[in-house]
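Following this line, the structures themselves.
Each of the next two complexes has chain A plus one more chain, namely chain B in the first and chain C in the second.
Let's look at the complex of A and B:
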């Protein structure tokens, strides 16, 4: 009665929440009612609901309290009331993590799980699995297997889903349930089908071949569940991505056909999943996209906001790579601009920005400014990225776009958002020299009031690099120096570096910069003080080479490599000082200038990480082979493996070249595609070119079917320093043993055989490591005229400047600096700057002046280096 | 044909193939707008919640540890509510997650998934949740009715999603599994026999006390 009155009162209060005033202690007290006999199901259910409510509200319950309530709850198994029983299962699941000795209910749950009441069985299985650990799993295994193939769908689903949860901690046991899962996939119930397919995939996910078989099998076996279809589409997508990741090309495959067929499925969920997968595949061709776009176009005019959102988000993605494919949808997109869901409107506008013409930009920018404040940061970032790509597409529009960016930079926003804006402005500055001054001015203004240290340091770094080269560098000094007074240590340190760069680059500013830097000598932070002292001393020396090496162009070693080399050095104390030249150089990122930045994904940075780590992995692998222990440091590994066979032959071999200071190691990754043969003692015999000398072969002891193996050949480089290129003819030599395809057991007897491979080329590029010189001009002066070589070439096969630039970079294997790999449109001449380090640690710089003429491209090549031989080698690289 | 293709590509890797690593290639772009594709998995739902018209939690279930403490969870709910309670537009990208939602009178229903998740799947779960609650509350979807039937709603949520895996998305079958008590039906809709039966029960219980 009391309860009721309280309820009434609350209702008058307007809360109407019967659970509003409950307290943990009183509810737990009430839970003792569970021990009474006979059980009052209604009352107990009400109390149990309160307990569940408390837990759901995030109330913390102590272990002893929980254990007590849990034990009281177990008494409720005596009641037959279905609701109460089901609530008990919920209670067990909720408390399984906080109470102790929860396994006490195992037998009760097992009874329900195998009992006659079908409506108890599924939930009982799920509750049981939430309290089961690996040690107990054995005892319920038999029941689980039965439950998976149970004819009651809810039971089967519950068992399958619980198996998936369990497999997180004990993969081995659930593996044995494959056959049952297999049977469950053919169930009539759509959810059972879906769960069974999910479990099958999970069990096999580390075996790619088995996953392929799974997909091939079920893509023909028409499933009923749309969710299961989505899962299959996703599996196909992943397999295709791996194929593409490895091949770098797309092949026609039954899996792609399956995805395409799903576009005609009757469920919207599946259609969308398939369209989404096609759009997300790397290297989708315009033709392949053509099938997905009309589907998405149709969704755009759907009445359901979710469908419109999904469609426009995917179309937006298409527009990044293939704007032309989306232009057909422009009409639908125009209609979505005024959509009441701001997310949809934003995506529509950004998509239109990508597909539209130059004339529509002003109108769209106006539209988007009107609701920029209403959308979430994620979408603001999308807008910013769209604007960034717009800038490279229509460079003439940069004033409008730059104005927009600077105004949003002043608005409120999170770090990610600000970072996107700053990145965009930086990209625009780098791409478009006309926008540089305006952009730098906006950034200067921004750091005046910037709460993000990372962004401030980034901008200061940029100012240090770009500022000195503008017509009036002095105007940036004030902005930079203000940071020293107002900011935290990290920013101050960056400021000091930026100031030093101004001093090093501009003679007239040097005295004032030194004065400013001297004021930092008494800074409270060690790093700032150290930097200031270092720079002041260096600048006072007034030496070009010092300025270039220590201020304008920094260290170029790989950080991982430096760490390893230093560690190695400290492990083995020697008299000789540490030599920085022995540290492997940083592998400069191979950035493709035409690469489309995807939203939220820093495209360039990702490849950089991969490239850098790849060489480190190689270095580690090679150093673990005793034969190669004395070769010295790995200088360079060729980035992409070269195929020495066709892809469908019996044996597949590819080659990676590792250059050391006096040796080259050829690494041959071999694979045997014949399942009735085992190859043993596999080596690659190389016929060396002039001056090269084959020293050693490290054979691959055994090469069974489908297990890749590696053999190495060590070659000594010619003594003549100018003799560096050559062609090697290669033969694979091995002993063949026949074997049983099923067991892989080889015969005792074998015979020798060989297999001719394609030739391996060693080019100049193999001896050169790419190095980025942020300030090419200074380095050029630093190296000086001493070893300069100059020559003029007519490149008659090249038709455009871009083509010539790409080919020169490829032949030289050097890093283009100052963004000179980008040829401005409509120009008939261009200068390419390349920098690299030659084997042995000699800097090599190349300036190639290109001019377009009727008979192709004419090139004047100037090479400077610290070593005369290196200049000679480099000058002959193109010929 | 496919088999031979796969054999070949094994050779390209220096290291042995590790499925996890490569299936994860896509999922690194987490919490961005990039609509890449997730690692294939049944774990679709990250959270489900029912909030009232002040953004207070009526019920919430979180299925992964993106928001480990109740405090973080409630903060997320508050933020989500403030973004969604005015504009009824059904879907929003929020804090790097896709949230689909629906409201009626004084209740807000949410289903949350990864930003790379198929939005339509999440919407189907939301519909299942809403329709099941609608049936349990007999089309009277409001806060008061929800509190009166909180036990049944808990059970329904448990039947829709188990640890992040969609268990069932068909509202009729969900409600069937929840099996509401017959005596919960309002007096006017009960047959005479049912009324008598429940009266008998209640007398019996009061005597036994």
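Let's look at the complex of A and C:
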């Protein structure tokens, strides 16, 4: 007992690690001992262990040093000591990437690999494969083939796994080992069988048909190894996913039957893998789940914590999509809340939150609060996300949930955790107007004592946007102004902006806001001072348009585009001042409002970032093509490529439209799926609609198998400003040359051919860029009545308001403002606000009043714009 | 080191150890020579070109040899120098039937002799004029003249003998010389 306690203490001190304070240079110095003879195996083993420790700790060893140590290590081959020899194998594997001339040990390893000492053979194979490159592979091929079918299991497994690693860089050579691998699959040893199946799959993984054959063959053949079964289940799962995706084949295929049969396998690991696969299939129905869920339910009451964890984790995922299916397990789940393993308990409770009914929420929340501070941040985030989704499911329960969130916000926790809470509160506020006041109050309280600058600025920004529109904006001012006194420069700057927004929005608060802002004029930080000066001056002008342009609406150009434009401007100085209008506008990320945000899917934000910068990437690509250098600035690129062919045809073509102020560039991304053809001089011939004029084609010089290529067509837009839409029929024209599928070497002679594509349409949406107007009312007034057009339409094909809203947004290609794209439930009328910028830089605003009637949806469309033609074009977009 | 082994060392009973470095051009018969020195049951039947090196241990009279059998292929020759430091003796194998590449062999030898780990030490060098069974092969005397051994090796003991690695002919004579030289050098120390 005493010993034990001491050990524990040592561990805490870090004194338990004998390599605690070793140094690279001294260890490498010691490694010279390897050169001495005779060799002292014990001493050398100790030094080699230190070297390995250093490498595994991430120590960087230079090539020269590593090579020296490596060659010293090769001398250890003369010792017969088994421990030392196996350390040498490890050393070779670790240093194979950093030292030079590692092939020096090839023959020594080959000798060990074919030698009599069985315990050297497996490691020798692994070490040999790590130093062998494609050029040397031929020389060891014969030995590898022999090793794969060796009767010693460890040797066979080592050879199979090494081949798998080799197949990553030299697919062609390992392909020739299929026969040996086939033989190894029938081995009695479970590991050999598993590894052999793995190798067979990796050799064929690029050939879907061959994989299907492999799976069909082995799912009939009874395998011994549970691991091999797991692999088969995974392969079946992948194949089923592809089948469902491409051919819409439902789950009555033999592969699904195989997975279902695995549910009755005698090994738990196979049963779990099968249940996991069924649950994760993209379009599983309740019927299919019915077979998998009982198995997981059984695991929930297993004695093994790993099984319980696996089962609850999977059920938790099921609960996101099919909460009803999991309801049957509620009893088991409630038992798991008190599980001694906190991870299991957390998952149980979050699953219950998803499956639970409105009435059980209060009870669950109590249970959660009792153990919230016993679990790690990572799981706390899972709980928070579950609560967030609960709130959107049962909006009436928001007071309970909001209270819980605010109480956990006060607790200790890391940045990620706090961020999850704040994000949840913000989402709830945005989705549920009733929760707004309470949520804002909680956030105000939080920033009083917030150590994370990022969160504080985020909340201040939100307050600036939402606060002025609440019934009593004045109560937020105190919280906001406190920041100016107490916080760092970044937060103070955000505060100044938030204050200015209150001033710009609420007439009655304007004088006090100006007073508060004036106090910031003497701030120590430049940024804060600059902002304050700017806002004070703007607010004092008392002009609506100034306020809305410079305070409420913010900067709407793309940041990358602005940087490039400014750089360009400074490189070529001119007399004319810089024009912000020439900068491409920021593409508002397109988020589908119907999409239910699932907790745990952190992907959401990432895709937004990509969408925002994609246009900048296109702009860069286009400007590098000399033909398009003088078209001016790229105004808009269409968001998603349009498929012009079926997905499984010989040639796949998709189109992206790039709009410039007087031109449209059609970008055709083509790929050739025939491996015995090379296409050359590929162009897309377009038959233009009225008024459009095809100017130029930029051909794709060569389109070999499976390598995407791009061809462009430049079209001049009609002079008549109201003529903007049209349909183009397209034909792919090219010269075909037959080629050898293996080498890709084309014949000299080719012949011309063409391939008819689907039509490309240019719609109003292609001329309009989405722009977010945070305060639509002010912008609406600002544009004024001058170019207003109004019309009433009956949309007979639309059955619901949501459908109508989605379609209008799609046709107009504009950004919905004021969250008007979300139709409150149970209403029969709705007003949609859209904002955008038309090609040429004219603002366009649309107000669509929708009413639901028996004969569909009636719409009164009002368009305002700074240009009469633009109003006309926009008004005709829906027809 | 235990007391007994130290005692044995003092008494001179202890088995002496020596590291040998086996070098020479590719296809001259280095691996075959080493193979021939091993006991009959441990020999490998087919000899493939060595990649890098292999280590072998064998006994001759009272000396225990550890031989580093280096690859002779052109691109690996520059790796020989890593093993110069600790060798007690060098075996340089010549293909006596390959008159054309004798000059290359001489070049490699001169380079090795110029290396600082070899130059300063008085280590014995044994030459095997291998493949004596072939008709176009040169005698050992002719080989040493072509290689200008007299001229290039002045401060080290050296010896050349004809051999046939396939049958083992001549190997014994060469190793007798090497063992004697090494033993006398060890005793001098």
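Everything below uses one rule, namely that the second predicted complex is superposed on the first by the 565 of 879 C-alpha atoms of A that agree within 3 Å, B and C clash if a C-alpha of one lies under 4 Å from a C-alpha of the other, contacts with A are read in each partner's own complex, and residues count from 1 in each chain.
As a convention for this text, a contact is a pair of C-beta atoms (placed from the backbone, for glycine too) under 8 Å apart; a residue touches a chain by one contact, two chains touch by 3 or more.
Model, not experiment: these values are computed from the prediction.
Applying the stated contact rule after C-alpha superposition, one finds that A:789 touches neither chain B nor chain C.
Legend: residue contacts after superposition of the two complexes on their common chain; A:77 is shown touching chain C, with no touch to chain B. Once chain A of one complex is fitted onto chain A of the other, the partner contacts of A:139 are limited to chain C, with no touch recorded for chain B.
Looking at the shared chain after the overlay, A:201 reaches chain B, while chain C stays out of its contact range. Look at A:37: by the touch rule set out above, it reaches chain C but stays clear of chain B. In the superposition on chain A, contact of A:111 is made with chain C only, not with chain B.
Of the two partner chains placed around the shared chain by superposition, chain B is the only one that A:280 touches, whereas chain C remains out of contact. Which of chain B and chain C touches more residues of chain A: that partner is B. In the superposition on chain A, A:101 makes contact with chain C only, not with chain B. Of the residues of chain A, those at positions 38 touch chain B in one of the two structures and chain C in the other.
Chain C meets chain A in the complex at residues 17, 19, 48, 50-55, 57, 66, 68, 71, 76, 79, 82-83, 85-86. Residues 11, 16-19, 38, 40, 45-46, 48-49, 52-53, 56-58, 60, 82-83, 86-87, 90, 93, 119, 122-123, 126, 154, 157-158, 161-162, 164-165, 191, 194-195, 198, 201-202, 205-209, 211-212, 216, 227, 230-231, 234-235, 237-238, 241-243, 245-247, 251, 253-255, 268-269, 272-273, 276-277, 280, 304-307, 309-310, 313-314, 317, 340-344, 376, 378-379, 381-382, 598-601, 617-618, 621, 641, 647-648, 652-654, 669-671, 673, 706-708, 710 of chain A touch chain B in their complex.
Those residues of chain B lying in contact with chain A across their complex are 2-20, 22-23, 25-26, 29, 31-42, 57, 59-61, 69-71, 73-74, 83, 87, 89-94, 96, 100, 115, 118-124, 143-144, 147-148, 150-152, 154-155, 158, 162-163, 165-169, 177-181, 205, 208.
Considering their complex, residues 35-38, 71, 74-75, 77-78, 101, 103-108, 110-111, 136, 139 of chain A touch chain C.
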